[in-house]
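Notes for the one structure printed next.
A, B, C and D label the chains in the order they appear, each numbered from 1.
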Amino acid sequence: MCQNVQILGVDRDGAFAQYIAIPESVAWKTGKEIDHSVASIQEPFGNAVHATFAGEIADMTVAVIGCGPIGLWAVGLSRISGSSTIFAIEPNHQRLDIATKMGADYVINPCEVDPVQKVLDVTEGLGVDVVLEMSGNPQAIRQGFKMLRSGGRVSLLGIPSRMVELDLANDIIFKGATVLGISGRRIFDTWYRTRRILEGGQLDLKQVITHTLPFERIHDAMEIMKSGDCGKIVLTFD
Amino acid sequence: MCQNVQILGVDRDGAFAQYIAIPESVAWKTGKEIDHSVASIQEPFGNAVHATFAGEIADMTVAVIGCGPIGLWAVGLSRISGSSTIFAIEPNHQRLDIATKMGADYVINPCEVDPVQKVLDVTEGLGVDVVLEMSGNPQAIRQGFKMLRSGGRVSLLGIPSRMVELDLANDIIFKGATVLGISGRRIFDTWYRTRRILEGGQLDLKQVITHTLPFERIHDAMEIMKSGDCGKIVLTFD
Amino acid sequence: MCQNVQILGVDRDGAFAQYIAIPESVAWKTGKEIDHSVASIQEPFGNAVHATFAGEIADMTVAVIGCGPIGLWAVGLSRISGSSTIFAIEPNHQRLDIATKMGADYVINPCEVDPVQKVLDVTEGLGVDVVLEMSGNPQAIRQGFKMLRSGGRVSLLGIPSRMVELDLANDIIFKGATVLGISGRRIFDTWYRTRRILEGGQLDLKQVITHTLPFERIHDAMEIMKSGDCGKIVLTFD
Amino acid sequence: MCQNVQILGVDRDGAFAQYIAIPESVAWKTGKEIDHSVASIQEPFGNAVHATFAGEIADMTVAVIGCGPIGLWAVGLSRISGSSTIFAIEPNHQRLDIATKMGADYVINPCEVDPVQKVLDVTEGLGVDVVLEMSGNPQAIRQGFKMLRSGGRVSLLGIPSRMVELDLANDIIFKGATVLGISGRRIFDTWYRTRRILEGGQLDLKQVITHTLPFERIHDAMEIMKSGDCGKIVLTFD
C-alpha cells in the first residue's frame, strides 16, 4: 500500500541481471536449512500466504480459481489451515492433478463442467465462504462471485488485463460480500509466516515444481511456461 | 445475509396497506419520546448507520457519493463520529446545501467539478480512506474507486440498475482495497445503535426532511420525490 | 453475553432428569450420521471450538494449559487449523499421552519441568502467540501470562475458584496483550462450525473418550471422574 | 511490542538533557502550524489516541477511570468520536472540572460516590461498553471490571505498582470480556492519527494545560505535579 512502491521487474529492472542492489531494509535472509529450490520460489509463495490468510480460513469452504503455482499453494495452505471443503477450478489437467495432491476435495475443469453449478450442488445451494481468485480471467471472476455465499469473502489476486463487468447489485451488495484486493504481501508479517510454514514442514512447496532445468536451458523453460503445461520451473547452477 | 430474507415492498407486499402483519421477532419498539416524523424515517436511517459503521470511521477522510437521505445521514454520522474531512458529492444543489448543514467539509457537484481531481487535490494526492457509495450510478462508482486511497475501504450501498465495468487491477487489487457490500442492516445490532443515536441527540435526523404533507397529498409527495428536489418527505395524519 | 442467560445444571435444573424441556429456539439437531458417543460430548467440544477460534490460530505457536477434554480438543483443533507449534501443559500423564495423539508437539508436566522456561527455550525466548487457558488454576494462569509473547493473545476458559493475583503491568500492559474471556459459545455460529468439523472427519473426537460404561454404572463413572484419571466418560443404554 | 524496545527516560537516559540523539527512523516531524505548547505535550496525547481507538468507540458508552492528562484527552477523543455516554471517574475536583469541559456526561468522585453503582444506575444495570483504565490503582481497576457490560472491552493503560487481585471468573470469563494491554503507541499509525486530530481542530488539547511556567521554575513545576492539583504543566523558553 506504500505510495512509492517499486517492484523489481515492474517499476525498476528485474532480477535476471547478474548483480542486483536492493535496500538492506527490504532484504530477507533465508535459512541455510531451506533447500535452494524452495528458496527460489518463496517470493510468489508469499503471495499465496498473504491471500489465504487475509481473513478466516479455518473451517471455511473455499474455492480457489486458477491453479498456477500461487493457486496451488493456496489450496495447500487452506488444507493445512483447517478449511472444511476445498474446490480447485482450472482448465489445465496437469495442474488439477497437482491440486488434488495439494489437498483439494473437488477439482473442476470449467471447460467441462459448470463450476458455479458444481459448487452450489456440493454446498446445498449456499455457495462457498471464501473465493480465492488467482486467474485474472473476467469470466472466472464473475463465476467466483456467483458461487460465493451470502456474507462471504472474495480475495482478488489474479490481475485482469482489461476492465471487468460485474453484477454489483446481486453479487456484492445484496450478498453483503467482502472483497479484498490482494497485492504483494505485508512487510514483514507475511515473511515471518512464510518462514514458519517452511520450517514447520506441513506443506511441501516442491510439489508445485514440475520441471528442474540447468540455467543454460532458460529459453526452453520460458517456452514451457508459455505453454501453460507446468507448475513452477526451477533453474539450477552447477 | 439470511438465505430466506423477505423484504417488505420487495419480496412481499409493502407497507402502504392499511394493516400489515409481521413476525413479532422482527418488530422493533420505538420509544414514546421519539417524534413521529423521526420514527417514520428511522428505517432508512438504519441503512446509513450500518454503512457508516461497517469499518473504522473516526479520524478518517470520507467521501459520501450520492446525497439522498441515506447519504446525507452518512455525512452527519461521519461528522459526529470523528471523521477528519468529509466530502459530499451530489449533482442536486438543494441536497448539497443540506450536506453542508450535516457537516460536510467539501460539497462537490460532479456536473461542475471533477470530483476525483478535487478529492485528490485536497488530500495531497493520496485519496480518501473511506468511500460511502450511495448513488448506484456506474460512473460515480468508478469515480469512487479512483478517489480511494491505497488500503482504503469502499462501502457499496447504492444499487446499480445494470452491470458495472470496473478496473479491478488498478482500483482494487493494486490498491489493496477492501470493498463491502452493504444491504439492510444487522439484526439487531444496528437497531440498538440507531436507538442510542436518536436518544443521544447529537444528530438531528429531521434536517433531512424537506417536506411535510398531509396524507391526502400522497400523490403530490410522489411527484416531488420523482423530481429529486427533496430530501425525505413525511406524510402526517390528523 | 445475554443478560438473562440460564445454563442447564447451573441456573436451572440440569439434564440428569428423565425428561427436560428447553425452548425450541435453542435446540440443535444432531445429524443421524453422528455417532451417539460423539453426540453426547459435543456440548463441551463447542467450548473448545469457541475458545480456539476466538482469534487467529493458523500458523501460530500455541500453549494449551490444562488437558481435560476441552483442552485436549483445543490441541486437536489447533493441529488441524495450521498451528505451527503446540505445547500441552498438564500434570496427568494419561492426559498428556492423549495430547500427543491429538497432535501436541511438546507435552509438559509442570510438576516435573518449569513450563515457562521450556516454552521460552523452544521459542527462542519470545514466548507463544496464543495461550488457551483451560485449567482455572491461579498459578497456571500466571505461568500462561509469563510464557506469552509480546502482542500475544490469551483465551481464558478455565474457571478459577477464587481471586487471582496478576502482574498486570508486566504481563498484560507492557506486553500489549489481548485477553479474551471465553464462556459458553456463540449461538449459533459455534454450532455451525462444530457441525462442519464433525462432518469433515479431520478430528477424531472419540480419542478423548477413555471410558465407556453402561448407564447403571453412573456412580463408578463419577468416581473415576473425581480421580482425574480419565478423559471423557460415556454412558450407554441398551 | 518490539522485543528490544528502549524507552527514553526508562530504558535509557531521558530528555531533560540539553541534547539527545535518537535514530532518524523514529523521529517525527511536527508541523510549523502546531503551537509549541501543543507540540510539547503530543507524546502522551499519542497514548490517549492509541488507547481510545484500540477498539470501536463510536456510539459506545465509555468510562474513563483516572483523569490525569491522558485520561482527560481520552474523554475528549471519545466525545469527538461519537461515544454516546461518557463517565469520568477521578478523585481530584480540578481534574473533574476539566473532564466536564472535555465533554464528559457524568463526572464521578469515587471518594464521594460509589462509581460502580452510579454507572450501573445510569446504564439501567447493564454497565458500560468500554472502560479506559488510566489510573493504575488496583481498587479502581477492579471497579472498572465491575462496571463493564457483558461482552465489553477494557483498555488497561494505567500501570499498577504491584500485583492486582482480580475476579477473573465473574469479571472476565463469564462476561466474555476483552482486555487490551495498551503500552506506547503503534508506530507510525498512531502518529498519523495524532497529526490529523491536531490539524482537524476538533479537540483543543490545551484545555488540559493548567500551568505554564518559565523553564527556570522547573522545580516549582515538579512540586505542583507531585501535589496532583494540575493537568499538564508546560515550561517555556524566551
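Here is the rule we go by: contacts are C-beta pairs under 8 Å (C-beta built on N, C-alpha and C of every residue); 3 or more make two chains touch, one makes a residue touch a chain.
As the structure is a computational prediction, the values presented were derived from the model and not from experiment.
Enquirer: Taking only the C-alpha atoms, how many degrees of rotation bring chain A onto chain B, rounded to the nearest 5?
Expert: That rotation is 180 degrees, given to the nearest 5.
Enquirer: From the C-alpha centres, identify the chain that is farthest from chain D.
Expert: Result for the farthest chain: A.
Enquirer: In whole angstrom, what separates the CA-based centres of chain C and chain D?
Expert: It comes to 36 Å between the two C-alpha centres.
Enquirer: Hey, how far is the Cα centre of chain B from the one of chain C, in Å?
Expert: Spacing between the chain centres: roughly 44 Å.
Enquirer: Report, in whole Å, the distance between the mean C-alpha point of chain A and the mean C-alpha point of chain C.
Expert: 34
Enquirer: Could you tell me which residues belong to chain D and also touch two or more other chains?
Expert: none
Enquirer: Among all the chains shown, which pairs meet the touch rule set out at the top?
Expert: Applying the touch criterion to every chain pair yields A-B, A-C, B-D, C-D.
Enquirer: Under the definition above, what is the set of chain B residues touching chain A in their complex?
Expert: Going through chain B, the ones touching chain A are 1-3, 126, 141, 150-151, 156-157, 159-161, 163-169, 172-184.
Enquirer: Tell me, which parts of chain C touch chain A in their complex?
Expert: By the definition above, chain C touches chain A via 53, 56-59, 77, 80-82, 84-85, 193, 196-197, 199-200, 202.
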